[in-house]
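Provided herewith is a single structure, encoded as structure tokens, for subsequent inquiry.
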Amino acid sequence: MSKVKKIFNAPARIVDETLDGLVALSNGAVVREGMWPVLRRSVKRTGKVALVIGGGSGHEPMYTAFVGEGFADASVAGEIFAAPSPDQIAVAARAVDTGKGVLFVFGNYAGDVMNFEVASEILAEEGIRCATSLVADDAAIADPDLKRGIAGAVYQVKLAAWACEHLDTLDEVLAFVETAKKNLSTFGVAVRAGSLPHTGTPTFEIGDDEIEIGMGMHGERGVKRQKLPLADDLTAEITDHLVADLNLKAGDEIAVLLDNFGSATYAELMIVNRKMRMILNERGIVVSRFDIGAYFTCQEMSGFSLSFLRLNPDLKVALNAPAYVPGVGQFGGV
Amino acid sequence: MTNEVLSAAELRARLLRTCQSIIDSCDLLCQADRDLGDGDHGVTMARAFTAAKEGLEASAPVSAGADFSMIGSKLMGAGGTAGIVFGTWFSTLGRTVADRALDAGTLAAGMTAAAQNVQARGKVVLGEKTMFDALSPAVEALTAAVGNGADAALKQAAVAAKAGVDATRQMIATKGKAKTLGERSLGFPDPGAISVALIFEGLSTTA
Amino acid sequence: MSKVKKIFNAPARIVDETLDGLVALSNGAVVREGMWPVLRRSVKRTGKVALVIGGGSGHEPMYTAFVGEGFADASVAGEIFAAPSPDQIAVAARAVDTGKGVLFVFGNYAGDVMNFEVASEILAEEGIRCATSLVADDAAIADPDLKRGIAGAVYQVKLAAWACEHLDTLDEVLAFVETAKKNLSTFGVAVRAGSLPHTGTPTFEIGDDEIEIGMGMHGERGVKRQKLPLADDLTAEITDHLVADLNLKAGDEIAVLLDNFGSATYAELMIVNRKMRMILNERGIVVSRFDIGAYFTCQEMSGFSLSFLRLNPDLKVALNAPAYVPGVGQFGGV
Amino acid sequence: MTNEVLSAAELRARLLRTCQSIIDSCDLLCQADRDLGDGDHGVTMARAFTAAKEGLEASAPVSAGADFSMIGSKLMGAGGTAGIVFGTWFSTLGRTVADRALDAGTLAAGMTAAAQNVQARGKVVLGEKTMFDALSPAVEALTAAVGNGADAALKQAAVAAKAGVDATRQMIATKGKAKTLGERSLGFPDPGAISVALIFEGLSTTA
């Protein structure tokens, strides 16, 4: 099996140089906190609950790049597929805390949960209050405790950012995001694994005519494997699953995020979008916002996920608030 | 040679070999993690134990507690699941052993506290197919053999850890990245458990 | 060698369903012209030179999706890696001509040149004047006639759109774009080929430690193959090449487009960006606009290109004019 | 059997077999194009000649000129380099032959005009490693053998086309997708030339 090649200087320098690249393109909008793998807005905001996001790297632009207007105050980047350490997380939180506490938003993975937990304990001792809103949007898994955090993170972070901007206390912010995320559900599939740059080896093998259903974001496998279906059948399966998961009804309005895991082609995403629209139209479900792009990736994994966010007037305002992060540009949807 | 008390120098030598053994097992641990998780366990462990090794090399061996603590904080700083879990293990061990001489009883007490903290931090119980399924039986075996001295107890622990690794093959994962695999996780040993066995092997082996 | 899998219904339906997907997400902003592989703005603009872009498919979102504010009036999509036919091109031109003539912008490939040429002849007989500004930005090739049209197309189309909007006659528009494109240069590299969905076979084989330098956009190979260098060395080579090609001097201002060919990771692009910035800073060359994304792709090819556009006051105004296409969103740069 | 004049029915049969032969050569032509270009020549040719075949099947064989023209417009509608180049060939052939009987002289005149139009449209000369390097010698051979009747002339053309394909191996491409390969294009036959040879083979073969 041939190796996967990537263009880098050394695997151990990837995270560092990615952060430097982001700073370099931002025209001063974001900076690193010392030598730490922490990106933050260069101008410290005051009088608001701070939003810190993060997790393992390798999923860029999420979480690392999503620092800026309408998104996080700081992000903390672990090594590739490895949670950041407590001291790194604490550095990020200290850098942006304004005295009103810090909301952490990150994915529901053992490593992230434990590292952010220890960081929260350290920060609590210093008098910095932290709260966590876990991203756990994976519709492929029924048990809420086991749900992974996948591409819906983009929406959850955006909603959290709005709450941090507009609500007064950490408790209110947390309550808003926790309520909002009940309306969020994501389902992913992949036909080819990504690989760790250190090894150049795909994280799983898969047959020439197979697809992994209910895919996670680290190359850890999905919930089942099946023969590669037609795009329309696959789209119908995913769309139906999400509609059922959120119990969507005719007249409901949703936002849809169609995320490219890495090497899906634009045409594949359009083919999926086409069929999804047909199904939703039939059911009277209105797509009032649509985001498409490689926002939450897993190296060169080939696949995609659909995230549905059921909207209400509050969530609509929050989701549609202006957002701009240097590494991605406007995040305005269609 | 049986050590009734492991001297700081002897422990240091064993710790350095343990670090090296983990570093050398990078590929093996990554492959195990590809079968069940995201394929990076060896990379994270190697990064963590390289930092630990460098930390050891930069300091004189003063006490067992200090060495364990130093390793704990280096592992903790390496990030990832492995960093926090193995870091919790060694940090707790260091804190508990502190500046006491490392006899079997002190070691057993430290390991027991460490296993408890790992369990609490990971919210993990036996049978979830994690490193705890190697750590817990190893610590029990060590505690049971405490009357035979530190060396013999560590050897028992290493044997139990290996058995623990084997036992994870038959488990369905409910924690960590493998938790979504369901029955597909059967047949593969847990990578974190393999690391535990490597560590006890390192700790129990004289040069 | 394992097959490359894609998610579609049938290879022969990919182009069609991609167009339908674009229409579906556009909220009425773009429509198809009948059953033709032609996308156009739904509201016909009047009193201006019309801009029609196109080429083979498989490079999405370019050219197909770049229809809308600040971009083309219509795009015409050939099959994957195959130029559109004269009748398809003629349909696109007729649909948007306002009597002031049509500017075609497409890449310098034999198939495109010949098909657009025949279309122009047909249209001329009908009294529709057409002119062509070929995209030929490939810095890897010295001979101007042989230069391929690669990712610089995004900038060239944007400049052309501005000219069509603000200049009066087809001749003026053509002169503006032809002058502008002298300031545009692109260099691409790839470590892995993309594949045609019909065959699932990569368009070229490449060794585990090799890279193709001076890469084209169809999987046709580059100008040379070499051992995979460090990212910094590769970036230096490319940057130096572009600086020399455009004869850039200290104090010059440029726009940079860093294009993902398909499955390059965001981190790789950041690592390249980081080094490029260091080199340009040293040389006193100012990056006053930066665009990053998978704009002009070659299926799942792994690689990227850098495009430099030397700016002057006119080009700055034209490049920075507002632009929004539904399938991509805002195109505002950083 | 030697045909002094190719009847519309006989030509139709040969054209249908030619279409099928191109369709069946899809993989072979794609592989040739992977060596030199973007790997799609077979796909484009198969799409174009499927459309041509369907067009033929949907119409009665009235005249050689009508059949050639029908094929020309179907190829032209298929897009790609292949579509326009082979479409120009057949369209010109159809226009030149028109409603004349297809004797060797008419065929030679039609092919000569076609080759000229292809050359003009492609701005191509001999030695650039394109389909013209098979088409041009084939048309010359056909013209030279015009005194032997249509059938014999077509057979000569087919031989010359094959030789033309072989000759392209030694050429450095300066047109089409292979033009950037430089010396790396040496050793591989041009895919479009292979298609030309397949077409002359089809046209010259009795069932």
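Order of writing sets the labels: A, B, C and D. Residues in every chain begin at 1.
In this text, contacts are C-beta pairs under 8 Å (C-beta built on N, C-alpha and C of every residue); 3 or more make two chains touch, one makes a residue touch a chain.
Please read these numbers as outputs of a predicted model, since none were measured by experiment.
When the partners of chain A are compared with those of chain B, no chain appears in both lists. With respect to chain D, maximal separation of chain centres occurs for B (centres as means of Cα atoms).
If you average the Cα atoms of chain B and of chain C, the two centres end up 54 Å apart.
Here the CA centre of chain B is 72 Å from the CA centre of chain D. Centre to centre, using the average C-alpha position, chain C and chain D are separated by 32 Å.
Inter-chain spacing, taken between the CA centroids of chain A and chain C, is 29 Å. Shared contact sites, meaning residues of chain A that touch two or more other chains, are absent. Shown for chain B are the residues that touch two or more other chains, of which there are none.
In terms of inter-chain touching, the protein chains here are arranged end to end in an open line.
Under the touch rule stated earlier, the contacting chain pairs are A-B, A-C, C-D. Residue ranges of chain A in contact with chain B, taken from their complex: 11-12, 56, 78-88, 109-111, 114-115, 117-118, 140-141, 146, 148, 195-196, 198-199, 201, 203-204, 214, 216, 218-223. Of all the residues in chain B, the ones that touch chain A in their complex are 27, 30, 34, 36-40, 43-44, 47, 76-85, 121-122, 174-182, 184. Chain C contributes residues 1-9, 14-15, 17-22, 24-27, 57-58, 60-61, 65, 189, 191-192, 208-209, 211, 228, 230-232, 234, 262-274, 277, 290, 292-294, 297, 299-300, 302, 304, 326-327, 329-330, 332-334 to its touches with chain A in the complex.
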